[in-house]
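What follows is a set of structures to go through.
One chain, chain A, links the two complexes that follow: it is found with chain B in the first and with chain C in the second.
Entry: the complex of A and B
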């Protein structure tokens, strides 16, 4: 039985689709927080989202005729909705608006694991040599150096800085091994954004976002965003690179047990390299998130 | 009868042939998933199928022969103990805490692997097991309640020869014995045994397979008509409270354990080998390469000896002891009075000489008996196919200890015998070469040699953190003439250390329990954080930069230059 959705989660904006992949005049169906949804785009290109009843994927529809609509936002190339009453605005990614960046959605990939497990994997550097072998890391350079983590009260997000790792091929535009520096932000319980040193321009950073759509407590869809400084690679190459990385994470994530993220500190064994994950778990606990996690017994 | 997570019976969980070397088999019993793997020494391990770090299935991990490596972060767990031996994200630290996966009892017999949910019952052969050369049939998974599967098997018997129902979901049908492996409330596996290998193996396997397939189809049709039973809910045990918080680097003083001297032999001229094993044949605690044990000697002395073993080799520890002519009574007692069959108390292994496994080049330099920790390191690197060079300096060919163990290593092993001091220095200079990124050198040997290597390395541009060393003993004369106060920040105590007494002694007298081992400034066990004050370092454990940082000290020999020291104790 699904857990009752906690009010924090219910009132959040959740990603549901890459906006320009939604067909105009045709129905897409999906699941959000155990709730079936139907989506389409009107002739004006604007997405419309509503609670699905008997609609089927691929049915024709005129968006004008949908009366009972859920709230919709479009941001970072994606469509976002909310099942409750949205309390806050969506988190900012100011870099997205910089004119010389290549912004792209890199696909929506289903994973049989809870959304918080996928966020935690995104924050983790220790698995690079083992899961992304010869791309984001390679043995014997396995060390996770000390880094800093804080929960920013002002922005209500987890922030990890000074994260450094030796990478053989950090990005599509990288040609040799380099120590890359990462900054991670978790501005939303099911979304994370990373900033990494850009191989092409030392003064700027590539931005990669992962937005998780919690379909059920143990299943999610990962929507990936890249906002890059890269003048040579094609969009297809950049997408393929990110999909390769994510394709390597998927089988590991689907072999994690339990599938929900345990918030009890004694459920698993943290090490110093897991500082950001520990901060993330505490932050979820303090917020009172119960969807997709195993709350700490009080 | 409903299934229970705590059912104490033994059930078969795999066929022996499911476990070829270097493979991990995913088993299931009573609602739990199991990672089942055979080590290179033949031992079968049955563990909870979950890495303690992030819950990833260990059945997708890599069987490295003597250790199982998790796919997610490369954590390694030892054969036998399931203790974690290596955390690659922190390659310079020994896993300071005892991280041990949950393991289940195991027995390999009659071509099957047997296990149970707990240790309550010893393994007992099924009635009539002894004296036959059993042959395992192909297993048959069935989506039906295990009790229904037992009943279905019994109904296969002809009327004039009814089935014999044995305890533990076992059914005997004439010659054939069937065991039902309860996987979950609604799932089971039938595992059959024939009393001998049939003449036509393939035809026989096929015959029983067809018979069991028909039975399965009947049972699954019947099960589909009934409501599905509620699956068992396995409980993941919590890790201990000290594992749940982020670790400081601290090694608690462990309990002693009694071991028997299984073997004692002359390994080389002047070196005696001792093999120490558990008295009941259980495995010994997990250790990391470079670790040592304290050996409590019959005359009351305590001495430290490095473990020479390779990965996952926990059925005994092998140490090497030097027959010193001017021995203070430690080695002498071991060499002269301890015999095979004697029992000694040892500490749990401690590692103050950890091996990084993230180096692009690892140079191991041993002088004399200093070979012992480096042999262990070489064996670990060897098993993981990591590159290394081992240089072993001895007086002459006869004093090369552990020769046969060194001969089977695959790395570059160079034995240098009978070199004079200058020649040793020249060789070391050549071996080290200029320092390059991710190069590390490990040295163990006599004090003069260690100093020579440290100076040579420093001259070639090797930073202190790339030069790892372990002294046998502190040859320096300790100056204990100073007197000063110590303030223990966490214990909220101020104590006076008079001349002639050590900080460690004063803390012990005040009732504090503090770890120590060699108590002569060589082993690193009593390492303590210094918060304020200036330290008078007299140990040989810390390197120059660590001493200069004034942030840590060895309380067994070092003292204060200032009137007061504030320690994090």
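Entry: the complex of A and C
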């Protein structure tokens, strides 16, 4: 039996699809928080999401005939829904609207691990030289230098700044190794956004988002967003770069045990480089998130 | 000579060709194809290269080839001066082609489960997983008895052939399809041997082997 869904999680906006990849007039099916959903897009291109009963993937449907609908928002190229009553607006990524950015989905990929484990892996720099060898890191440059972490009260998000790492090939647009500076935001219990120095323009940052759709407590779908400053690469090139990275993370993530994220600080032994993970776990605990985690014994 | 591979990074079938070309030291260019999420292998321009709408496609000058097993045979026959990867001996040729067919069965089971779980394909997950276990059990036995007879590879020669390349990727990626290799020790030892072939290269999801144990 799945856990009861905690009220915070129930009332969050959750990502369910890349909007452009939803077929118009055909049904897609998916799972959110153990709840089967059906999705489609109307002739106006707007997504419609509802609780699935006997619908099957690929069935024809006229979106206008769907009366009982779940709330829907579209943002950052993705469709978001909520199983309860949405309390907050979706977190902002203002860079997405800058006119010269190349924005793209990079695929929605199922992973056999909890959503919070996937967020935490996204925040970790220590694995770069070992998992993303010769791309995001290489031996002997394995040190995670001291960085800053805070929980922004005003924005209710975890923020890690001054993260620096020597990267052989930081982005598709990179032509040589460079020390890259990262800023990580966790503005949503199951979403993280990173800003990294852009090889093409020193004054700006590439933005990469990972939005996790918690399907069950131990399974999720990772929806990847890239919002890049890159005047030469094609969308296919940029997607390939990101998928290469994510494909390397996937078996590592799927081999984590337990699959749910333990919130008790004594459950796993952190090192100094895990500062952002410690802040993230504490933040989830304080919010009262219990879905996809092993809560701290009270 | 100019070889171009129409390629998707996360495809095990494309990786078979990258792997053999890396082992043979063959230079080639890559044209990335957005298989997922773009479904570019069903786009008009791609269907003109391969009407079956499947990756990989390899172009050698003006010659356009498809099907990973067929291309492995072509590359070995044309560019492997040692003649080891696809030997001319009729009996061994038959043996290799038999294992190329097993590789296709591994694709339709282990790879199907991976596509269903990771990439939202509407394949029957349980049926695909059961099918993969049935094949893995047979390969494990074949390799276990081989080890007893001093044979390290799928076919009878004392060196690897394209049969080993063809079967390797979707065995290695099976866990992404929820198929554990824990019960197949001889199969796992063989994947280590493949990963120690000089010129071996990785793909996303497949990591290098550790150093071999020295007796």
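The working rule: the second predicted complex is superposed on the first by the 298 of 298 C-alpha atoms of A that agree within 3 Å, B and C clash if a C-alpha of one lies under 4 Å from a C-alpha of the other, contacts with A are read in each partner's own complex, and residues count from 1 in each chain.
In this section, a contact is a pair of C-beta atoms (placed from the backbone, for glycine too) under 8 Å apart; a residue touches a chain by one contact, two chains touch by 3 or more.
Note that the structure is predicted; figures quoted are calculated from it, not measured.
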- Message: Between chain B and chain C, whom does A:240 touch in the aligned arrangement: first, second, both, or neither?
- Response: second
- Looking at the overlay, does A:37 come into contact with chain B only (first), chain C only (second), both, or neither? neither
- Message: Looking at A:289, would you say it contacts chain B, chain C, both, or neither? Reply first, second, both or neither.
- Response: neither
- Query: Just chain B (first), just chain C (second), both, or neither: which does A:257 touch?
  - Reply: first
- Mind working out whether A:271 is in touch with chain B, chain C, both or neither, as first, second, both or neither? first
- Query: Can A:61 be said to touch chain B (first), chain C (second), both, or neither?
  - Reply: neither
- Query: After superposition on the shared chain, which partner residues are touched by A:141: those of chain B (first), chain C (second), both, or neither?
  - Reply: first
- Item | Common ground on chain A, meaning residues reached by chain C in one complex and by chain B in the other | 251, 255
- Item | For the chain B and chain A complex, residues of the former touching the latter | 33, 49-50, 52-57, 60, 71-74, 87-92, 99, 236, 238-241, 243-247, 357-360, 386, 438
- Query: Across the complex, what residues on chain A touch chain C?
  - Reply: 18, 21, 57-58, 105-112, 235-237, 239-240, 243-248, 250-251, 254-255
- In the complex, chain A residues that touch chain B: 120, 125-127, 129-131, 139-144, 251-252, 255-258, 262, 264-273, 275, 278
- Note on the structure: Touching chain A in the complex, chain C uses residues 8-10, 32-34, 36-38, 40, 117-120, 122, 175-176, 178, 203-205, 207
